[in-house]
Structure formats: structure tokens, C-alpha cells
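Below: a set of structures, written as C-alpha cells.
Both complexes below contain subunit A, partnered by subunit B and then by subunit C.
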Partner chain A sequence: MATHILSSTARSGFGSRLHSVATCRLPLARSQLPHRISAIRVQSTTAQDTTAPEQYDVVIVGGGIAGSALACALASGKASSTQKIGLIEAFDLSSHAKWSPRPDQYSNRVSSLTPKSVAFLKKIGVWAELDPSRVAEMEGMQVWDGVSGARITFDAANATSTRSSFLHQVLSTSGLIGNPAADLEYRDSSFNDGSDIKSSPLAWMTENLHVQYGLQKQILGHQERGVKLDIFERTKVQGITVKQAYPTDADVSAPAGSTAADVSDWPVIELDNGKKLQARLLVGADGVNSPVRSFASIESLGWDYQQFGLVATLKVDHLTSTAPGNGVGIAWQRFLPTGPIALLPLNNGFASLVWSTTPKIAQDLKKLPASDFCVLVNAAFSASPAELEYLYKNIGPDGQPLVDFQQETEWRAGVQDMEAFRTAFGSSRTDAKPPKVIEVQENTRAPFPLRMRNSNSYVEDRVALVGDAAHTVHPLAGQGLNQGLADVECLARVIEQGLLSGSDIGNIHSLTPYSSERFLPNLAMLGTVDKLSKLYNTDLSPIVWARSLGLTAVDSMGPIKTEIMRFAMGLEDAPHSNRS
Partner chain B sequence: MLSRTLAQSSTKPLFLAPRMTQCATLFSFRSPLQPPTERLYEGHVPISPFQRTLLAVGSAFAALHNPHRGDMIAALGESTGGIFLRRIRDQMLKDPEGRRILRERPKITSESMQLDKLRQLPDGIFGREYVRFLDDQQVSPDTREPVHFVDDEELAYVMQRYRETHDFYHTLTGLPVTVDAEIGLKWFEMVQTGLPMTVLSSFFGPLRLSSQERERLFNIYVPWALENGSNAKSLMSVRWEDWMERSVEEVQRELCVKPCPQV
Partner chain C sequence: MSYSMARISSRISFLPRINAATAAHGLRSPRLARVPGIQARISGARVFSSTGTPHHSSTNDNNTSASSEPHSSSSVYTVNKEEIAKFAAMSDEWWAPQGPFKMLHLMNPPRIRYIRSRLEAVGTISSTASKRFPLQGLRVLDVGCGGGLLSESLARLGAQVTGLDASVENVQMALIHAKKDPLLNGGGPGSVEYRHQTAGNLLRSFEFVDMEQLVEEGLQFDVVCSLEVIEHVDNPAGFLKVLGDLLKPNGDLILSTMSRTKLSYFLTVLCAEHLLRMVPVGTHHWSKFINPEELAAGVEDLAKCQVVNIQGIGFNPLSGQWELTRSRDGSNVDSSTGSGGWMSLLGSPMAEAVNYFLSAKKAPAP
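Moving on to the complex of A and B:
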């Protein structure tokens, strides 16, 4: 299997000046791939290059949340904490530990963490580091169709109304769900603070920076107590190579428990500060354009949505919401033909916006004066798509509105309210309204390109991928980071078990359980989210009608709704193959 | 206008029974025999889905049988037009002139149009040709059938406006009021708006034509309608009242409508 990661150049390179160090294969230049992965520089090291690489058991490339969480998880495992671990990050990591935000300001990158993710963060000691005043509990969700008005509502009671759900029972009797023990494990450990699962919120909202803060604090703690965890920050991985090519295509993977001397197939990671690391196991936690994935020649298929996700930190007026409890702790999401817009609850009257829309509109929204931007966000949660189209069209090239947004939207809101008030059709009359946005925090509007990617495999010999490096998903269900944390939890567990059973943790056979446990659930989530995004990205009448019928039906069917909730909360894994 | 309608109808019970508010979802399981709303505007007749279907089918046959039953053609359009009216309204909302119409809700009457003043305009000017058409046909803007069956106040206005502006189309296109030319005009509207009434009558209509009329319809009017219906600016977003003093050619040019070849 080791030959998989070696290029044909390398194999034919015997006798050439490449004989001692084989370069890695050029990253995926195959033209049929929809997206080329940005190439890392391929190092053709010559024989006079003498710096010996430092050996590590695990090298993690990428200190995003997934990579840092893996470092933390390994450092807190009984066996894995005895390993020598390296974590490489292109940007700053240590400054996260000194994060001291102002109470009246929130970062624009916020994620929803599912109960499963929170359980994991508790297990690795990160949750306790967080400041509860900056973690908001999401108690309910209102999701509706901007074209037809069909709506579905969720609250924590839905999700926990049946402890072992219908789907779970069917799947477990048919043997499709393996590992119920692991299922229970996180359930039990997550609520060891005595709170019953029944009172659990749907999710917890907090800033990505806040999670990073907790992670880096823990990492520092582990370092202090002597765990060999080396951080290489503000340095980029420049090239990844394998020392020696095997002349044969046969499976020559090293036997479990191979001696330390047998490092010939361990990848060498070269940093742009000249440092070289050699890893028994190389983990790619390096995001959507993963250099590690390119090195391992793992294909990643998918597409770019013609959408950007515009994020922003908002201030809302809860008194304007008609939801129970003034809509505090409720997430609002409306599907517009241009993409979904979501208002996610933070504490103290703050909220986080994720507005998926066309690249052009996203750019225009960014330039719009703050007050007009707020008007438009409010309209996006209430006005008809036709009305919104008119408003988008009236953002001038300099970002100034060409018409009076306030006046135009007030007029339409008046007409709409009257219509809703007088007609039995049209559900808006009884539907709860989200709180009005009154302010947007300065410099928080930022657009991100939205993509969908899935790697053909999460493991290769000596390589594993986690987080966005393995899979990237549309943010409409707020699952990307949660999937990444589930990967990390699983990989750390697989490594721990491998170490306890004395196997070579970089060997593909030791890594396969990770891949088989995570691949299908991630794929199921990607597929579901992608289909949802496509289903709602139209205003074609028959489709709107069918999806509204579906949504309305699901909304009135308790058990199915429970299923969806549990899946989204990470309480229910999609069917995955049994681990051997 | 808005407030007037509100005031008028507020004397009637506006609030719906609680039973109705409960099933205010998109797909409510209410009896199809029950009208869904209270009276929404002057002249509004709330009808049940069942009645609506009957009305649509019945008026289609009545209109077919006697194309001069204007009330039946009108009823047909109203009873089937819900989503299509919405579509026209949305088209209007995206257009500045269309929005102004929706906001101000102008009415076309002999008074508002000041027909006598239009008669003084020189030949070839839109307003002059428009009155000439009215005079030739011996009709007046005031003889339009009011809207009865549309369950939404704003959409009822859109329907009303659609009817009120029909005569301008004749002036614009130069189409006569013969049955085949009317059907040709319906094809034009179908392409422009997708109103089911026009869809229905463009398919039903030809059945009652002589072979000569039929030939004219399919060789001249329909090709013209298909081309111009898709090229032209959305005519429902035209504030005709403001265009009266321009020449017919200018109006045609600006709205991207070629006059129909005359026979």
C-alpha cells in the first residue's frame, strides 16, 4: 500500500538524482476532477540535503478546531498521551489562549455545537475552559420556505420525546447500526453534570475563537504536565515526501509493531522554516484545500455552490419577536430562491447571521450602509422573493441604495400584513416572527465561498484526514464543524485502541476502523444537506408545492421530526457499517 | 385607496373562526364547500374551492359558446388565476413603474382618462388613437366588469388593472376586435403573463373559427404574438396614463412591440 503515496516519477526515478528521496506525486492534475487541489510545492530534494528529520508518532497538519481538538484528545488519552505529537499551523495558535473579548462584541465566526460535540469537548476538558456567558443555548428552531411559507418548527422536546427512536430500532434490529456502546458512551459522559438529556438544548452557539481558546488552554496544560506535544505555528507545510520508493506494487505495509528503525515509508513533512518532521501517522486537518490529501493522492469530489455565505454579528430587539419567550434562544432559517438565510441566537440580544446568497448579492450586502443592511436582513426574513429581488437590484455599484429601502419595505410589509390578517390561507398570520435586527457590528460582514466536497477515502497508509480536509458541507444545517469533531473523537479512539493492542497506528489496517465508522455518516449528512440546498434553490411552482407539502407533512408527524432532530443533533448516527 | 377598502370592510366581521386559524397552514383540510375568506373588498364574493372549479369549468363553456359573454370570460380568468396573478404582481414588484402602479392603484375611468381632452390630440398620438378605438367600438372604460372572485385585495386590484388596460393593447398592437384577432391578442398575453384564462381561450378558441379565420390566426397572429409577447416589456407594468401624449410609433418602440401585420 505504501506505493500508493509514491509517484510514478519516483518509481521510475531510480538511478536519477531522485534516487534517495522520492517526491510526492503531483497533486491531482487529472482533468476529470471538478476541482483541482491547490498544489503544494513539490520538493525534489537532492542527495546533499543532510538535515535529518525529527521523528514523531503523530503529526497533525492544520491547527483549526479539528486539528487542535485532535491534539487535545490525543494528549488526554491514556496511551496516546505517551506519544510524540506535532501540530503544525500556518497562522498563530498561541495567541488564542490569550483571547479576551469585550462582552459587547462577538466574532463573526460562530458555530452551533451539537450535544454530541459538546459531550466530546467535555470529555477532553475543553468545555470547562469556556466562559458560559458567551455560550448561548439554542432551544428551538423555526425553518420555513420563503416562496410558499410552509414551515417546520423544532424544539428540544421534539428531539428527546422518544429516547430510542423508531429509526434507531429498525436499523439496530437489521444490524445496520453498529457500536451502540459508543453511542451510549457519549450520551452518558455528556450529561455527567446531572442534567438529564430531556432538558438538553438542541445545540450550543459559540464563537469558533472561543472554542479555540479552550483548546489552546488545554494544550498548554498538557504541555506543562509533560506530554510531548510540539506546536509549530506561523509556519507552512511546504512539501511532503517519502524517503524511499518500494520497487514493487505489492502490499508491503510494515507489520504491526514494527521497530522504530523501520521508518522508510514514513512521510517527511517539510516546513517553510526549514524544519523537517517524519511521521508514523500524518493527519490532515488542513481544511478544504488539504495539502495532506493531495500528497496522499486521495481524490476529493464535489462542487462549488454558486453561493457565498455572508456572516455578520447582529444586535436584535427581542421585544419585536412574536415567538414564545420573545424568541430568545431560537434559531431562524428561511429558504429563499437565492439560498437560505439564518439568524442564530447569541446571548445578550446578539445574534449571528449566515446568509447564503449569490456571489454578487453577497458582495453588495457587504458594501451596503449598516442601517440599510439591517433593513434588508429584516426584509429577507419576511418579504416576498420578488420584493427582495427588487431591493438587491437597487444596490448601486458603490454600495449605496438607489431607493429608500426603509420606505419600500414598510409599504410591502403593510400590504402583506393586511393580506395575512384577512386571509385564512397563508400561514404567516399564526407564524412566529423573528426578532428585528437593529444593528450590525462594525467590520463583521464577511462572505465565504460555499462548497461541497467529499474525499474518496479518509485514510491511506500513514495518512488520515479529519474535518474539512475530509469533507466540506454547505452550512445550512450547521454541521461542518460537528462532523469534524465527530471525526476527531473517532480517530482519537481508534488510535488509543491501536496503541493498547500494540499495533502500528500509522498502518492502514489500524486506520480502517476510523474510515469505516465515519465515512457513511458523513456522506449521508453531505448528501442530505446538498439535496436540501438544491431543493430549495428554486421557485419553480411544482417543486415549491411538493417540498412545501413534504415540509408541512413532516412538521405534523412527530416521530419523523424526532428522527431528523436526533440526526441533526448528532444523537443518531446514520447507518454505518460495522467495525470489524 | 388602501385605507378606504379597510374602512369599508371593517364594518363586516373580519375575524375568522378559531377553527380556521388553527389550520392556517398551506395545506389545510377544510371542507372544499366552505369559502376560505370573508369579504375582502367591495364587490368581493368569497367562494369555496368547489364553487371555484364549477365556475371555471362553467364559464369556460359559456365563454366558448358565446364569446361575447364578457362576464363569463372575466369569471373564468378570476377563478383560475390565483398563482398567475401572483406572478404578474411579482413581475410588477420588480419593476419601478409596476411598483408605482401597485402603490398608487390608479383606476382607469372615462373621468380619470379625460377622454374629451384625448379627443383633441392630433392623429397618430396614442391617446387620440385610444379614444378612436373606444368610439369605434362604442365602449367606455367604465363598462368593465368589476372583480368578484379573487381572494386577495392586492391581487384583486391586479386583476382589475388587467381588465382596465386591455383596450390599450388594441391601440398598441393595431389588432382589430374580430374573434380571431382577439384570440391572437390572447396568445400575446399568454406569452407575457401566463394567465390561465388566456391559456384556455387560446386553446379552446380556435375550435369556433371558420377555416379562413383559423388560417389568419395561425399564419399571422400567433407568430406575431409569440415573437412580440416575449420581446415586449411587461405591459402590466406600464402606466398607460402617462403615455397618452406620445405617438403610437414611439410607444411601440419603447415597449418593444411591433405592430401586427394588417390583413
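Moving on to the complex of A and C:
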């Protein structure tokens, strides 16, 4: 059956994408390959073509947390578990199941999972696979301004003090946001009853590798139960193509002659091991430089902050904290002119550091000797920005400190404590201090560039994007992974509903509810976090004055604080109406 | 709200070069009801099957031909290349997300939810039916199938669907589109075939055949659906009678149409057509709208079916989705919307004041 490309004139907009971008050569593709494939492949194939692609209902590119979670969610759906699913990952996936960390070591990639994310992980059976001793409960948050000292504190009670705000009720009844029943579903699966939420943590801290371990365990379980879930690991996607957009005469005028369907508008994914997959629905869970997004020619807008994030695993001494309960389970975040620094609680006196700062400082921090690094981290939570500036400047080109950091900070801290005592005299306010960092775990300091991106759309015909492929957020609120899991939860539900109503799940009509449910909440989160980051990235006094006033005001206004908390915890649901 | 292909077919300035018998039937008439008394013969029934039987005439180039097949009274016909390109483009427009049929596409999932829930409620689908293919084993007739939207969905759920449409363009588009999914082409238990015919002709063409052969041809169905069609039919009484005849004993009839109310005039004609241009102007003929009680009486008297459910459906402009209202017996199919949709807020009779569904059951065989 000969196939050819029809001219692209006078087409409706629907099919035009397939003409404008029929092929995407990926940056990952090996350029030394002997043969390059032209932009649009004109193929003359026969039914006996030995390299004919294997058909899948859903092909997920990217086996990170978002991609693996989608595979798990589909494999646990009543209708979606009947689908043939492919999961492609460039690195090792099966080794995640053998993850067995030492109790005194933590990986430096840690996430704070919101109650909503945890409820979803419970629903797809992953939470039960996790080791509770490596999941830390975050009970409270202390956020303060490094320039003015204005402070806001959160605990879980803030989030639930008004169970259902007036605004929430109005929106629920008008169908603008999720119905109360659906909202309750999360609570019910996450907590025994509504009152329990009061004592429930704000978030759960755990290593990304730990979540990957739970996901991989579930995937293996689904495979054993007979779900058609094929893993292609240690293989890269080499190209994604669409053969052609329109049927030919042969296809149509021989309706009774062949039983083979014309799936020429299904994307073909070619792997570097020669395997070809053809997908009814192609899901890009392939990160910020998503090849799937390029294939779908979905534009992604955003910018790189001139900032790096430095992560590290730290050992802290809780006895040095003045917070209630020695600050166990408290997350600390201080906004400095160079960016926020955050100390997130792990178990057994460990903590995870996320320090956003300038690219130069981030590189210097990585090279600094461990003991000096700890001194600098402690200073970053207590010293004045001017003093920090002095210390940054005294890191030599080889990463060695030019002055004695320990001595410099102790000397100044002594004087400042005296001053603080004098000014605080008579006022009741004494701010809680975070625990002192005493050790940094070897080889856990890693800088990475901070970016913000949002795709113009999360869906195209036969393509959907989830997680970082769809949007990338500044890590200051720790919402990146939670947003990705919310995407996955939504897409899996939309696919399940599509199957129940007999839809073609790759069709743009079936995918639109996913895009419309996730786009605005993600944009709102991106916008909020971006504004916060810009607001705090300065020490201009009018702005510092205004933001401090705002922070203090918010801290004393219960309902607003509650709404902020609920949003950050993922309790405030996105506008959607399509759940059943 | 009709999505018959009136608009598109009126733009088409060609007739597919089909055989003389077909042309003689005056097939360009766009509306189901306006096909003037076609005297179709058995030889004139054209079946476009996407799975069907071996095909004999694939070597045709520009001319089309009919080849009769030994075991059926149908003929397969082919069209030439340029025409296929046109049909493919039309098909794309028909299926385009922001095209003139957007509202119909949005309506399809709640339609399927309604049909599934009704078939479950009356026991046509057992509660233990496969989650994947709950309609497996059911023969379903979709009268006024348009581009095949409902037919395809029903077939994906496992049904063997026959789609009927008065417009040859619609049937061509539906056929092209159905080829695009392996699930409809042997990948699952469901199948679709399309016939370019009116429901009346489907029966009439077998006038000369005795009952035995009619049963052999399977020209009675477990489920007959005709959604948003009857308001475009010139002779709704005759139409209802034929629908009843096409049902097997104990079969299910699913209809949807629009009430003739001030509200429906305001929403469907004034707002949807003239103000918001959501659907093409001239889509609706308000005077042909039928109120639920009228339709119920017609179904009982003419189609000889027992009405079991009437339920409204309304478009929610905030969510951009169609929502089923609470039905008269208080049941709520759409658990997704909790409230039963905004139309339910208007109260029981008003919930069906615009678009509504009706389901009925034919008496069991005596």
C-alpha cells in the first residue's frame, strides 16, 4: 500500500500541525549516525515492513516521578488498566526498586509533598511502599525577611481554621471549582476524618529516590498482575515523526479490503535501539527541554533567573534551636537579597538545604571546605546581608576562605546579640532560631540553574505534557513536584473518563479537559512564586518596607493566611467540574 | 440542535461520481426529513463497512463502481482521489475542536454517560459487564449519525453499530474517520458500519423480503438512538413509528431533542445562533421543537415503547461543559457535577425546558 503526503493547501487548522512539524530531530540524537532522516519522511511501506512500529494506547516519554506516577495511575484505573502502555526512560528504572539507603545518609534531592500529593500517592498504592522512617513530617514553617526581620509563621492549624471559606463555597456551588465531594475524597483517603486534618502535617519531606522506589515497586506489581505496561529503559528517543496526515485513495476506497486501520496521524517514536512505537496518545514527561513538546511545536515561555539553587544534605543540632520542640519538623526559610535560603526537615537530625543565590556564589559554596560551608549556612540564617556579602567576597578563587569564617561570624554575632537584647528589651517578641548546622554530607552539594517556564498549551492532538515538560517553577515554594503530581492525577482521571465514554483518548477533544483544568492553577502558582522571588530579590528600602508591612500584616490576618496555606498545601482545588 | 450536514453539504459543489441508481435518488438533499420519498430498492442500499467483507473493486481509478456481493444485497462503492481529499478535509473540519461542531463534540461524553446509565438502569447492560467493553454484544442503530461521533464512541465501548445518515457526505466523512482507529477495525469487539439512508428507507428497502430474511439481515436492533434529529424531521409521527419497528422486542429507544419553550428559543435560536454564533445560523427551527410530554405520547402511541426516563441537559457556560440535570425520579447520572447541573436549579419542569433526553423500552416478545 503506497503512501504519500498530500499537499497541505486548504486544510483546516486541525491537521496543519502535522504538516508544519512532521519530524523532530532531538538534540539527544547522536549526530554521528550514518544516515539522517529528512524532515518529512516519505515512506513507501508495505504491511510486511519489518520495522513496522508497535502500537500502544499510551506512550510516556520520561520515567521520572511524573512519568512513572502516570504509568502507575493508569495501571490502577479500572478502564485505563486495560490499555497498552509504554514507558521510555533514558536511564535505569529497574534499579530504583533495589534502592537500599544507609540510615545515616540522605540524597540531596528532596521534595515536600503536599497533603494532596500524598493523597494521590496513597490512591495509586505508592505511599504504602515507602519506609516511614525516611519520611519526615513538616509541622510548621518559619519564613522571614533577611533585610527587615519581618516574619510569618505557619502551622497546620492555620490551614484548617476555616474549613470552607465563603469564597470556596460560592465557587463550589457554581461549579467553578471542584465539588465538595471530590475535595472530601482527598481528605478521606488521606485522613480518617475532617477533624484529623488539624493534626496532620503541612507537608511530608522525603527523598525523590524514595518516591521513585515506591513507584517502581508498584509498576512491577502491576506488571505481575498482567497490566500491559512495557518499560523501555536505558534507551533514548531518537526521533518522533508523523508519517502523514491524510488517508490516500487506497485507504478509503478499499474499506472492505483491509482490516488494518489508518493510524498515520499517530506519532511514531523511534528509540536508539531501533525499536519503534506508535502511540494513540504520546505523553511528554521528559523535563524542561521536553523533546515531546518540541515535536508538538508547543511553545514554552519563561525566563532563566540569574540565579542558581544549591542543594545539600545537612546534619543539624536541634538543641540549638529556640523553636518549640527544638524545631523538629519545622521548615525555615529566609529571604536574602541574593535569593531565599531554606532548611527543610528530614528524620534523625538531618535536613535538606535549598539555597537560591547568584551563579558565582553557588559555585563558590560548592567548593568551600565543609566546615566553612556550615559556618556560612548558619550565618545565612542569622547574619545581616551586609555581613554575608563580606563573607561571600572572602571566598578565594580556589574555594578556600580568605579569612577565618568561624572567627568572623562569632565575633559579629556576639555584638549583634547584645544589640538585639537592647532593642528587644521591653518588647515581647523573640524570634525562634533555626537549629545550627554541624555537618554537610559528603558529595551532596550540587548547584542547578533556576528557571521559570510555562508551555502555551499542555495538549495537542495525540500529545499531552505533564510536569516540568509543561511548566517549570522556581523552587522557593517547593511546589514543582506537587504540580507535576497534580498534572498526573488530572490526566489519569481525564483518560479514565474518556475511556468510560468511549472517546479516542488521544483526540484533542478528550485531552482538552486536562489542559483547561491544569493550565490556570499552574500559571497561578508560577506567577505567585515568580512575584515572590522578584519581590524578595532586592534590598531597596521602599520595597523592603512594603513587603515587611505585608508579611507582618498577613501574619496577623487569619483568613488570608489560611487561604495562602491551603493553596500551598494543595487543598484549594483547581477550577474543574468534570470529575465522576 | 442539529448537526446534520446541512451547512457543509450545501457548500459542496460536486456529487461523488456514484452509480446511476444512487444519483437518481436525489441524494443531495441535506436533511434527513427532506429526502423525498426515495423508492430505494435492495440494490440501492449502499453499505460502507469499515470492517466488513472482502472487497472486489479496489482497482478502480477515476470511475466508481458498484459490485454486488453474493451474500448481501449491498454494494460497495468507491470514489476517486480528489473527492477523497475533499471528504478528508471536510471530515477534519467536522472533527475540528474549534469548528462549527464544537458544541456537538462537547455534548458527546454526557450523551454516552446518559446512554450507559439508562442501559444499566433497565438491565440491558449487566452490572458485571466488562469495564472496557460494556456494550459488547449489543446491536445499536444510530439514526442521523452525522460524522460518526456517537457511533464511534458506542463502538469503542464494544457495540456493533450501524450509523444511518441522509447525507452521502456525512457517511463518507464518518467512514474516513472510522478508519483512523484500530479499535473500530478489528482491535476490539465493537464495529461500525455506515449506511447512507433514512430510517424509513432502511425498512422500506426490505419490503419485498420476507420476515425471515429481515431477521437474518439483523435489521432489528437492541438499541436505537436518534439524538437531536426528530426536530428536523418533517413527519415526526412516521419517524417514531419506524424507530419502533427497528427495535427488537425488549429493545431500548434513546431519543433527544429540544422543548418548544420561550427559554429554548432564547438560548438556542437567539443566543447560540444569532448572538454568540456558537452554531451556524439556521440550525434550529423552533416551531419543530417538541415538548417532553408530546414526545412521550408519540413514543408510547407510535413507537409502541414504554417511556422510562426523561432528563434534561444544559450547557454550563462557566465550565464549558454540558451537564445532565437531575431526572424526574430524582436520580442524578452525572455524579461529576454534584448539583445535577445549573438547569436543575430552575426546578423540575424547567430542567427539560431546552435540551432533553428520553429513554423508552419496547415490550418483550409476546
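Here is the rule we go by: the second predicted complex is superposed on the first by the 483 of 580 C-alpha atoms of A that agree within 3 Å, B and C clash if a C-alpha of one lies under 4 Å from a C-alpha of the other, contacts with A are read in each partner's own complex, and residues count from 1 in each chain.
Simple rule for what comes next: a residue touches a chain if its C-beta (ideal position, glycine included) is under 8 Å from a C-beta of that chain, and two chains touch if they have at least 3 such contacts.
Values in this document were obtained by computation on a predicted structure and should not be read as measured data.
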Partner chain(s) touched by A:272 [first = subunit B, second = subunit C, both, neither]: neither
Of subunit B and subunit C, the chain that contacts the larger number of subunit A residues: C
First, second, both or neither for A:149, with subunit B first and subunit C second: first
Which superposed partner A:386 touches (first subunit B, second subunit C, both, neither): first
Touching partner for A:404 - first (subunit B), second (subunit C), both, neither: neither
Which of subunit B and subunit C A:497 touches, first, second, both or neither: second
Subunit B versus subunit C as contact partner of A:512, first or second or both or neither: second
Where subunit A meets both subunit C and subunit B, residue numbers: none
Residue numbers on subunit C that touch subunit A, as the complex places them: 48-55, 57-58, 60, 76, 78-81, 84-85, 87-89, 92-93, 95-99, 105-106, 108-109, 112-113, 116, 131-132, 152-157, 175-176, 179-187, 316, 318-321, 323, 334-339, 342
Residues of subunit B touching subunit A in the complex: 2, 6, 14, 16, 20-21, 23-28, 30, 36-38, 40, 83, 89-91, 93-94, 99, 103, 151-154
Contact set on subunit A toward subunit C in their complex: 6, 10-15, 55, 78-79, 82, 173-176, 179-181, 246-257, 259-263, 265, 497-504, 507-509, 512-513, 516, 576-580
Interfacial residue positions of subunit A with respect to subunit B in the complex: 148-151, 384-387, 389-390, 393, 408, 411-412, 414-415, 418-419, 421-427, 429-430, 541, 548-549, 552, 555
